[in-house]
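Next come two complexes built around chain A: one with chain B, the other with chain C.
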Partner chain A sequence: MGQNALHPSGAVGAPVRRVDADDKVTGRARYLDDIVLPGMAHAALVFPGVPHANVRGVDDTRARSVEGFVATVTAADIPGENQVGCVDRDQPLLAGERVRYSGDAVAITVAESPTAAREAARAVALDLEELEGVFDAEKALMPDAPRVHEGDNAYLQYRVHRGDVDRGFDEADVIVERTFRTNYQEHSYLEPLGALAVPEDGGTITVYGTMQCPYYVQKAVAGVLGIPLARVRIVQTVTGGGFGGKEDVPNEICACAAVAAWRTGRPVKLVHTREEDFYRSSKRHPMVVRYKLGATRDGRFTAADITIIADAGAYSTLTPVVLFRSVAHATGPYEIPNVRTDGYGVYTNRQTTGAFRGFGQPQTIFADESVIDEIADTLGIDPIEIRLANCLAVGKRTATGQLLEESVGLPETLEVARDESGWLAKRAGESARAGSDGRAEPGGASRPRERFLRGIGVGAIYYGVSLGAKGLALDASGAHLNLYRDGSLRIAVGGTEMGQGLLTVLSQMASDVLGIPVASVHVDHVDTSVVPDSGPSVASRTTLMTGNAVIGAATKIRRTLAGVASGELGGAPDEVRFEKGRALSNGKSIGIEELAELCWVRNINTAEEGWYAAPESTFDDNGQGDAYAVYSFATQIAEVEVDSRTGEVHVLRMTAAHDVGRVLNPVTLEGQLQGGVLQGVGMALYESMKTDGGVILTPDFSTYILPTSLDTPEISCHAIEAPYSKGPFGAKGIGETPAMPGAVAIANAVAHATGMRFTELPITAEAVRLRLAQEETA
Partner chain B sequence: MPIAHELEYARPETIEEALGLLEKHGSGARPLAGGTDVVPAMRDGNLTPEIVIDLKAIPGLAGFTCDAGLVRLGALTTFTDIIESAAVLEHAPLLHEMAVTVASLGVRNRATVAGNICSAVPSCDSGTILLVYDASVHVVGPGGERAIPIADWFTGPKRTALGEAEIVTSVTLPVPSDWHGGAYVKLGRYGGEDLAQASVAVLALSDGSCRVAFGAVAATPVRAPKIEALLGSADLTDALIEDAKKLVSEETSPIADIRASREYREHMLPVMLERGLRAAARRRAGGGPAYGTRHI
Partner chain C sequence: MYEPKWVFPRTIDDSLEALADESAHAIAGATDLAVRIRADHGGPATLVDLTGVPELARVAVDGDTLTIGAAATHAAVTRHDAVRQRVAVLAEACGTVGAPQVRARGTIGGNLANASPAADATGALAALDAVAHARSTRGEREIPVTGLFAGPGQLRLEPDELLTHVTLELPPPGASSVYKKLGQRKALAIAIASVAVTFDPTACAVRIALGSVAPTVVRAEQAESTFAGRWSGVVGEGGVAGQGCRDEVMGLIEEVAAQAAGASSPIDDVRASAEYRTILVRELTRTALEELCLAEPRVSG
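So, the complex of A and B:
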């Protein structure tokens, strides 16, 4: 991986092997479904079969005769509040009165095996009064549309208004306006959702589950059981991928298992099949984005007018936080003096939509980066040049008026991606198509089309790290570090490992602060009874927030050790250095394990707490303020070859340049980049959810396809280091950005290759071929 | 998810024993070879036999032979067996080219050609290839053995000429002993494993004639007699290929499904036919791409 790494002497920045690699590769890692407890029963959910209905009755007579039947749990059996809405309180755990989408659970059946539980669930008879549904966000805005909840379907609005948009368009020499549409995207993590709830002594309950946000789950379980948080313990099991899909949805799964366990007094496991996961889990919001951008003749952006309609599905879930992010970032990473962005969240009788890597931004990025390319084409300016001329940099202001004071590596990501991809030559290679005035003409329509058309395209993005001004409260994280008398260190944290490599980078950080080998450090998965509420593991915040908490606690321990070491070796405590397992002072050294033993002998505490809170952020009624503490930046360039006879788009190469603040581990970083790039390829070309009347028609990987290794291009990764002063070792979040610029870079490359601009994703072979056929006959 | 319904499992060691079980249970019995279609269908609840009769312990159904003149695939021959056979690549390379496109490695290790044509979905990869080789399906039942020409085998989507109490014992392909070329062109949505949205098989023979079959664009895999008649034994000139492409709509009747639209299939079939004809002709002439190369 090409990078400008600072190559520090310690573990941070080194290609340390993932600490969980052996367990995962050998199959030793214990995922949720691997856990079997004595007396355990199994739960299944009773689905309504229709997307919108009043529930008049639930009859489990036939279910009771299923061999192995244990119990049926309905809304009436919920001891606490029948409510799991995590922002708006609009979502019952069990739809006892009204079904609002086809994945709503009406009841839970419990039996001795998963098979019997599902058989019992199918045998439950529901008396439903079907209601007319609404399955399209734009139609849901019509005054006569069926209402999903009591109030208007358009239940949510955010805006960013800045400057004078009308004047801005008056100043423009060129204006491009387009409407873009995106589809659902399924998270497709390897491990489906699952939970195991265990009633325990003293009126407590422990819930094990695959999840990103154990503290959300703790609140949801306490709420539905009507018991205090102190009686609810959540343990995150080894988690096989999340991508946002395990942010809030585990609240529902774990709460269902908990209610069933509470009712039966037995451990109850609930694990989704892949199909159930498709039907019931949240997805990337389908969005309609109307985008209007103006620029002067020399390529300076003057105004943007943007409307975003997000299909929230049947319940609000995380739509408020997702839409906030869409609206706050909708202009893309550019300084535009006049902005009017209005975003609406709309209820429909469809699957709920929520967090997915990129969190509401890939949809608006598809719009802004497409329109910018059209403006550049019209003006005859190179797409990267026009981005460099307008992009954010230190000293510039975002659309929310935030002054950027540090860590803005965006211009460098554009330059590095341009140079590493060979952009200038490849972009010019298509100049045969360009007219004499330098303007590109559509797809060489004037001459016989070549069979293979090549193109190169770019996408640039920014991403506010952590929750920002409209995130759920509590943007802080904790850690508990215990240095044992033999010099080994155990770390408990509130941030989750979901496959992204958190355990490894935290081990590296603690290793560097205390001068002990990475092998001496062990980091546990989250147990809510050990570490205080640390917020969610989302929004690229975990390495930054949890990392700072770990560094804080490790620094306290180091201070203790330094005091003991200076007593033993001489020299001042604050001049003691820690490296390679030893403390050095006064020209002498002592092993960390000896220091730890000395502490033990002398009754000195070597366990410490760490706590890190994010800087304050603001967002007023006009969407002005310091929306996020810091931003990550990225540019990706896609090279494609389009087979004009079949419509197939082959991505030949992706060049990804990401400003990460500081590289903590080049290998895990490259893994993050490659995986995200491939999710962008999937969104751009393949992932196409088909639905009909609120029912998903593609609930498996035979009908809903993901890119495979055979569809994987060469991926060239480049890290840019523009350090963030408040980040751990200067690092910023990297979780989301890899999945963000790729889809539009591919769309822009297809436009460059064919002259055809697509305003809907995915750009399937079928879509390309049929559009080419239209042009050929035209 | 495990299979939800109770069922009996039998593993007979002779054909007679298997036929006895079939006769006893009638339509409640389901023969099982690789199980890559049967087991998922049972898991999904779409197939609920009283008994599955696992044929894998019957010695007479195993093994395959491949000589100049005849390929005989025992009913238990898997796609991986075919791919790994140097003899197949030499004598019936088109079979090899088809086999590498089937599903994924794990499925190919279990799935059998006989099972593929017994499931008889219109997109089955084996169907078009067996059609252009003029294969025969050998079955045995209460009435004894019989050979069914592949042209009579497929009777509708997921329907075949196999009798209720019969099982397939082998499939034989008469292979032209002199030089010939073939091509299998399969349309998927991406590089990964996919069902054929449309497929074309071409076998170009030494006398200059071509056999052509289409898959996934009619109720069954179908031969294309009008195209074959037009091509005759003439040189495959650009003009002749263009004329052949115009006949595709008369030989096929594609439908729209969850994977592809009718319109897209109609667009792609002529492109695929052209690529198949050109590749097969080049191979017949001793050149062309190696077998197993994707044509789209």
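So, the complex of A and C:
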């Protein structure tokens, strides 16, 4: 990976091998479904088969005769509140009265094996009175549309209003307005959702599960069981991917397992099949984005007018937080003086939509970055030049009026991506001129049609790290560190490892603060009984928030050790240095393990708590305020080749330049970048959820098309370091930005190659070929 | 709960005995059948596993005849020297099936017997005029591959009949062939459309089989005869490199490709629309014919 990284002496910044690599590569890692307990039963969910209906009855007579049947659990068996709504309280755990989408669970069957549980679930007869449904967010806005809940389908609205938009358009020499549409995107993590609930002594319950947000789950389980939080313990098992899909949905899975366990008095496991996961898990919001942008002749943006309609699906789930982010960031990473953004969240009888890497932004990014390219084309300005001329930098203001005071590496990401990709030559068509391979030059639209058309395109983004003004109450994180008498350190945290490398970077941070080797550090997965509520592991916040909590606790231990060391070696306590397993002072040194042993002998505490709370953020009724404490920035450039015979788009190369504040580990960072880039490729070209009246027609990986390794382009990654003063070692969040600019960069490259601009994703081979056919006949 | 009886014959005769039982069903690589059993929550009461019958896995050349055992895997066929050198279309078709794991298990017999219009090996075998050999305890018969199918999933075999092998005549030296498939991605992709094309310049003949664009794999017969009727006239003495000839060849290819598209009767499904499939048949046929007919003559063998 190319980077201008500071070259550190310690673990932070070094390519430390992932601490969980061996377990995962050898298969030793224990995922949820690997756990088997004595007396364990298995649960399955009873699905309605229709998207909208009143439930008149549940008859399990036939299910009872399935061999191994244990119990049927219905809404009436829920001891607490039948409610798992994450933000709005609109979602029953079991649809006892009304089914609002085809993935709603009406009942749970429990049996001695997963197969028997599913057989029993299929044998449960539901008496349903079908209702007319609404399956399109725009149609759901019509006055006569069927209502999904009591109130209006358009149940949610956010806005960012700034300056005088009409005047801004008056000042513009060129205005482009278009409507963009995006489809669902499925998280497609390797490990499907699953939970194992175990009723234990003293009226307590422990629930194991694959998840991002154990504290959400704790609240959901306590709620449905009607017991205090203190009696609910949630243990996150090794988690095979999340991408946002394990933010809120595990609440439902774990609550179902908990209710079934409570009812039967047995440990109950519930693991989704892939198809069940497609039906029941949340997805990226399909959005309609109407985008109007004005610019002066010299390429300065004057005004933006944006309307966003987000399909929330049957329940609100995380739509309020996702839509807040879409609206707050809708202008893209540019200074635009006059902005009117209105976003609406709309209920439909479709799958619920929630968090997905990028969190509501990739949809609006597709719009803003496409329109900017059209403006640049119209004005004859290079797309990167026009972005550099308008982009955020220190001293500029975001659309919410926030003054950026530090850590804005955006201009550098644009420049590095431009230079590393060879943009200027390729955009102008020089690189392909040789033509010895029979390939056409870029910008092929104006030339006679060659079979293969090449193009290059760019996308730039910003991302407010952590939860921002709409999630402030959740925005703190804890850590518990215990230095043992042999100098080894065990860390408990409230942030989750889901494959992103958290355990490794936390080990590196603690290692540097205390001067102990990474191998002496062990970090556990989350157990809610050990660390206080640390909020969710989402929004690129975990390395920053949990990292700061770990550093805080480690610093306290270090202070204790420094006191003991200065007593032993001489010198002032605050001048003791910790390096390579030793404390150094007064020209002498002592091993950390000796110091730890001394503390133990002298009854000095070496276990500490760390706690980090996010700085204040604000967002008023007009969407003005310091919405997020800090932002991450990125630019990606895509090079494509379009086969005009088949319509296939081959992505040849992606260049990703990301401002990450500080590189904590170049290898895990590159892993994040590559994976995210590939999700962008998927969103741009392949991933298309086909539905019909609320039923998913592509509920598996043979029909829902993800890119494979053969569809993966060369990915060239570059880190830019604009340190954040409050970040751990200067780092900012990096979880989501990799998946954000790629899709539109590809769309812009296709436009460059073919002269055709697509306003819907994915740009499948069929879509390209049929457009070409239209142009041929036109 | 589905718990089939699983039997493991070692010879063809034992397999036939086992299949004579009404509840019995053949299983080879299981890459189609296991998927179906999972979707149906059940399946045949008895499974007759063909993977332990060595005779069924044989791939061999005898004179100009290629014999492929029904239980030969796609991987084995793709690897086979004679297949690669003399019937590239079959090596390529088998090489596009799924991914390495699927090719290591999936068999030619399973590909045929599944009777999918998208079956890749089946398309190539249809273009090669291959003949399927079926046996039961009642006797043996031969069926041209193109005559095996009555519709999607509908095989013209009796339940107790076993496909033992397919045979085909290896094309003469100078002949060439190619498989063109478009899926939704580069691997693990069922064809949206495919064409298998063989070209014999000496006989002035092409054979074109179309996949995924009709209820069964079909041959584009009118396109084939248009080609046969016009090729020698178009090419003349100087071969394809001759002045002016190239344009005429291109013209003929365009026409043949359009007729191939006419031979398709595609539907809309989750993978693609009928409209796109029709375009693809034309484009894939055109590309295949350009590669075969405009290539410098190669010495094969």
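Simple rule for what comes next: the second predicted complex is superposed on the first by the 759 of 778 C-alpha atoms of A that agree within 3 Å, B and C clash if a C-alpha of one lies under 4 Å from a C-alpha of the other, contacts with A are read in each partner's own complex, and residues count from 1 in each chain.
One rule holds for everything that comes next: contacts are C-beta pairs under 8 Å (C-beta built on N, C-alpha and C of every residue); 3 or more make two chains touch, one makes a residue touch a chain.
Because the structure is predicted, anything quoted here is derived from the model rather than measured.
Trainee: Both complexes share chain A, so when I overlay them there, do chain B and chain C fit or clash?
Mentor: Partners clash after overlay.
Trainee: Have a look at where A:Pro114 lands relative to chain B and chain C in the superposition and call it first, second, both or neither.
Mentor: first
Trainee: Looking at A:Tyr686, would you say it contacts chain B, chain C, both, or neither? Reply first, second, both or neither.
Mentor: After superposition on chain A, A:Tyr686 lies in contact with both partners, chain B and chain C.
Trainee: Using the touch definition from the top, say if A:Pro707 reaches chain B (first), chain C (second), both or neither.
Mentor: both
Trainee: Once the shared chain is lined up, is A:Glu138 touching chain B (first), chain C (second), both, or neither of them?
Mentor: A:Glu138: touches no partner chain.
Trainee: Of the partners chain B and chain C, which touch A:Glu97 in the superposed model: first, second, both, neither?
Mentor: A:Glu97 sits against neither chain B nor chain C.
Trainee: Let me test your reading of the model: by the given contact rule, A:Leu770 touches which partner, first (chain B), second (chain C), both or neither?
Mentor: Both partners.
Trainee: Of the two partner chains, chain B (first) and chain C (second), which one does A:Asp486 touch, if any: first, second, both, or neither?
Mentor: neither
Trainee: Just which bits of chain A does chain B share with chain C as contact spots?
Mentor: Shared contact residues on chain A (touching chain B in one complex, chain C in the other): 115, 118-119, 645-648, 686, 690, 697-698, 702-703, 705-708, 710-711, 764-766, 769-770, 773.
Trainee: Which stretch or stretches of chain A touch chain C in the complex?
Mentor: Contacts found on chain A: 67, 113, 115-116, 118-119, 122, 645-648, 686, 690, 697-698, 702-703, 705-711, 764-766, 769-770, 773.
Trainee: Going by the contact rule set out above, which residues of chain A touch chain B in the complex?
Mentor: Residues 114-115, 118-119, 273, 643, 645-648, 685-686, 690, 697-698, 702-703, 705-708, 710-711, 764-766, 769-770, 773 of chain A touch chain B in their complex.
Trainee: Would you pull the chain B residues touching chain A in the complex into a rising list?
Mentor: 1-4, 187, 189-195, 258-261, 263-264, 267-268, 271, 296
Trainee: Can you name the residues of chain C that touch chain A in the complex?
Mentor: 1, 41, 99, 182, 184-190, 192, 270-273, 275-276, 279-280, 283-284, 286-287
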